[in-house]
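Should a chain be cited, it is by its letter among A, B and C, assigned in written order, with residues numbered from 1 in that chain.
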Amino acid sequence: MDTFLRLAASSIGRKMAVAALGLLLCGFLGGHLAGNLLLFVGQDAFNAYAHHLETFPLLEPVELGLASIILLHAAVTVYLKVTALMARPVGYAVQVSKGGRTWGSSTMIYTAVLILVFIVVHVATFKYGTRPSPSDLYGLVMGYLRDWRWAVFYALVMGGVGLHLSHGAWSACQTFGIDHPKYTPAIKAVGTAFAAAVALAFAVIPVWACFIKRGQP
Amino acid sequence: MKVTLRVWRQKGPDQPGRFESYEAEVPSTDMSFLELLDTVNEGLIARGSDAIAFDHDCREGICGMCSQVIDGQPHGPDKAAATCQLHMRKFKDGDVITAEPFRAKAFPVVKDLVVDRSALDRVMSCGGFISVNTGAAVDANAVLVPKDDAEKAMDAAACIGCGACVAACPNAAAMLFVGAKVSQFALLPQGGPERARRVLRMRSAMDAEGFGHCSNEAECEAVCPKEVKLSNIARLNREFLRAVLVSPE
Amino acid sequence: MKLDARIPDGPLEGKWDKARFELKLVNPANKRKFEVIVVGTGLAGASAAASLAELGYNVKVFCIQDSPRRAHSIAAQGGINAAKNYPNDGDSVRRLFYDTVKGGDYRAREANVYRLAQVSNAIIDHCVAQGVPFARDYGGTLDNRSFGGAQVSRTFYARGQTGQQLLLGAYSSLMRQVGMGSVKVFSRREMMDVVVVDGAARGIVVRDLVTGKIESHAAHAVLLCTGGYGNTFFLSTNANSCNVGAAWVSYKRGAAFANPCFTQIHPTCIPVSGEHQSKLTLMSESLRNDGRVWVPKNAGDRRSPAEIPERDRDYYLERIYPSFGNLVPRDVASRAAKRMIDEGRGVGKTGLAVYLDFADSLKRQGEAVIKEKYGNLFDMYHHLTDENPYKVPMRIYPAVHYAMGGLWVDYNLMTTIPGLFCLGEANFSDHGGNRLGASALMQGLADGYFIIPYTLGGYFGGAKLPKVDTSHPAFAPAEAGVRDRMGKLLSIKGKRTPASFHKELGKLMWDNCGMSRNAKGLSEALARIPKIREEFWKNVSVTGSGDLFNQTLERAHRVADYLEFAELLVRDALERKESCGGHFREESQTPDNEAKRDDANFCHVAAWEHAGPGKDPVLHKEPLKFENIHLAQRNYA
């Protein structure tokens, strides 16, 4: 308990919480992506997978856990951000990067907000949306994604997720002190590759659904 | 060549501040930026006006006294250099150069471009040392230090305590400063006995002074006049985790 | 005034031991009843304050910068000497002692220098224990390099930042004591006066540079660790805030000032580039380990260095001084450079420089090795001059660097005012007429870590010190005097800036009392300085207010001190009619233009006593006895 409190009471510990929750979310993204890829296999495979998930007895606790992880990741970050704003009450008239920041790192807060908005929309439409038939999640998903506006929205958001991860994945390792002159370049490369792979693989689905699969049964 | 200086003027800690512009003739591009400020001040004093206050001392990039954010970058546009090592050859005729004080809650403005960085000293007094009294040392060669560790410790120890890392950090964090000191001693066998105590106490002092957190954006590393590496922050994180999880402290 | 150096009798080797035994001790419980003021936080001040606090004394520390870590010791680059003899190359305490006395041209006290050599090894041990990251060999042991004036490798170093690392070591010990509550640091304070009660120093008056407030602080003893007076020359390698104020006001209160004419001109500085120059930057003397100094053989040869073939180059140090070569002591190297330049063989745009060439070492050792040894110095040079020293030779020129002279102190580091001690560069004691490279760090730390902790206890143990606080009637007039002076500076409202007076004085000093001096030039300077001073007090312009942060006022106050002190420096230079170490009198030279000492008439310390405003100071001579070293003309050939 003491250990936990000491972590929770420190800026480093709080940042570690953000990092740990972020890494958990990376794991979730991997799983989610694997499921999504079943869309390519076909309607039956995807719906069978969806059915399997929805009848999983511990679904609600897991969903609750996932939601808490997301909210906690966001809440601790907001807390840190507020203290950071307090740490510099008067800003600069001119501020120019000397090369440390990346696109990913300097847009973390914006991509985060984008992702939060997306999650709400995503859950509202795909989890609570009306399916063509009760067991046809595939139909629901493809129905939305065939609309080019939805497809573009999904693809763009996935770009945002990629940007977020491009900094987040390596940053989490750095926060836990995982750093070594021999391995850090590899860790950074893996982080970037993971970000790019996740973003691309997720984004391919709406593009495929909208522009290739459209019109096919 | 001629430049315009846009300088933050503020009479005292609780006074409002504003930018004032000064036209300045640059007689030689070998002149340093601080020497240009000297020249502007000579003009101001001769006209009976209050000179621009700015911190400076050794003027060779080692004491860490000079500060200023010049054109949006702590210590100006040069890499691996302090403000005192910035030369006018970096600028061109007609440039408007903006000079502001370091901005952080932990660094209140004293006057104009001068800030109070005593927060860094207070953090140091909480653990930035090895507890050894004069007279208690063993022979210098009794403790062997691998060359590579000594070099890495030296890389970290090169910190001049200027606070540019704080000034550049989007969160006004002092993690690079603290990381450098924690690293120096964590890398050396002499620092071993109070490794955990040091990192715990310096961390809590750092937070208490009102510095922000680290978001690993590496601006600190990019502006550091002594090129202190981000790995020192990773080591600080590691040392902190190790201290919290396994030390009896 | 009677000068009693209090040097213990008996054989040289046993003097310090004897002194330590005879100095009275203060018992641990009583130590906390003593308040000690330390002014300055360089190597001497920080190490003294930390060590005294460790012993149990209550210490108040004052520094002029915003943090004690910024004192100018931080800029020392090359290294610190010690007689460890780790390289097994024939070093010993006696050899370090001998080299230092010889390097100082036989104008230092044997007993002091021997003690310095004796404690040198403990300094290295202590600094390593503090975590100073000295350079090491692959086996993990400490590495050494050689330095000017020595034929052994006894210099320990931390890249080109040795001073910084040693200072940060002392600062860390100091901050530890701050954390423990036994030291209180007062930063951005300038010492304005020393308060003497019943003949003993019992406090100081300082100005808070942020608020302008004049504050008094009382104590049982005051330690001045305020560095040298090189900035009297305006351009020097000293930091901008280095000043003579604390020492000068102590002189006016009765402390004798010794050998002010002994100023060191360092041979390896980056040449002046123009009128705007505000300070000079030193390149560590360690560069002379691997760099070769040369000028063209023929006067007026304006070719670029790459175009000058070997046969047209004169490696003059190697030619004139074959056994020490490029590693002759600083004064010798500086004067040799001046001779070359006077012959019209100077290089660069201004002709006021000589080359320091690394081409041979780069070829022999490779860029990586040179980079590891001198990387930061090369970068610094590159930055400042926009020339890459890995490709073209560096240009160097001598510059005012170190003050060997300073407040006169006895063997216990006490000035002629009881209770007022003086440590490090601010005192005169160990370097004679010239300081060897890597010995300043050694002396500052020796004084602070290993000498004052004993001698201050001895003073407390033997003195009767009644309770004195800042309500004592001696404090108010001192404070009033400071307020008057500040008020006066602000009220003149003249036409000229403080810096313009400083520049004028500096030029006069460099021209008439610089690398080479003669009676005519010195007399001229002696006549001119009071005139500049007079104009200063009539025509200086100090803007801003006295009760706010005001750097113009700070500067004016310091320039006013230089304008008085410079006169003493010149007077001392005029009085010392011999050439000796850094003090070169043209009237006294050998047929080869080397410095010629006059041991019959000048083998003494010149200690000046203030006789009151407007009166000539009184010269006292402390004879120097050499019982262990045979006085000889220095020969580095």
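Observations, loosely collected:
The working rule: contacts are C-beta pairs under 8 Å (C-beta built on N, C-alpha and C of every residue); 3 or more make two chains touch, one makes a residue touch a chain.
Please read these numbers as outputs of a predicted model, since none were measured by experiment.
Common partners of subunit A and subunit B, by the touch rule above, are absent.
Of all chains displayed, B has the C-alpha centre closest to the centre of the whole protein C-alpha set.
Chain centres here are means of the Cα atoms, and by that rule the chain farthest away from subunit C is A.
Between the Cα centres of subunit A and subunit B there is a gap of 36 Å.
We define each chain's centre as the mean of its Cα atoms; on that basis subunit B and subunit C are separated by 26 Å.
Between subunit A and subunit C the centroid-to-centroid distance comes to 62 Å (mean Cα coordinates, whole Å). Residue ranges of subunit B in contact with subunit C, taken from their complex: 11-12, 27-28, 30-32, 34-36, 38-39, 41-42, 44-46, 48-51, 53, 55-65, 78, 80-81, 85, 87, 89, 110-111, 114, 116-118, 120-121, 124-141, 143-147, 150-151, 153-154, 157-158, 160-161, 184-185, 188, 190-191. On the side of subunit C, the complex with subunit B involves touching residues 47, 50-51, 54, 65-70, 72, 74-75, 84, 86, 122, 124-142, 158-159, 161, 164-165, 168, 171-173, 175-176, 178-179, 185, 187, 210, 239-241, 273-279, 281-282, 379-380, 383-386, 449-450, 453, 493, 495-500, 541-545, 548-552.
Residues 8, 19, 69, 71-73, 77, 79, 98, 100, 103-106, 168, 170-173, 200, 203-204, 206-207, 210-223, 230-231, 233-241, 244-245 of subunit B are the ones that touch subunit A when the two sit in their complex. Contact residues of subunit A toward subunit B in the complex are 3, 6-7, 10-16, 80, 83-84, 86-102, 105-106, 108, 167, 170-171, 174-179, 181, 184.
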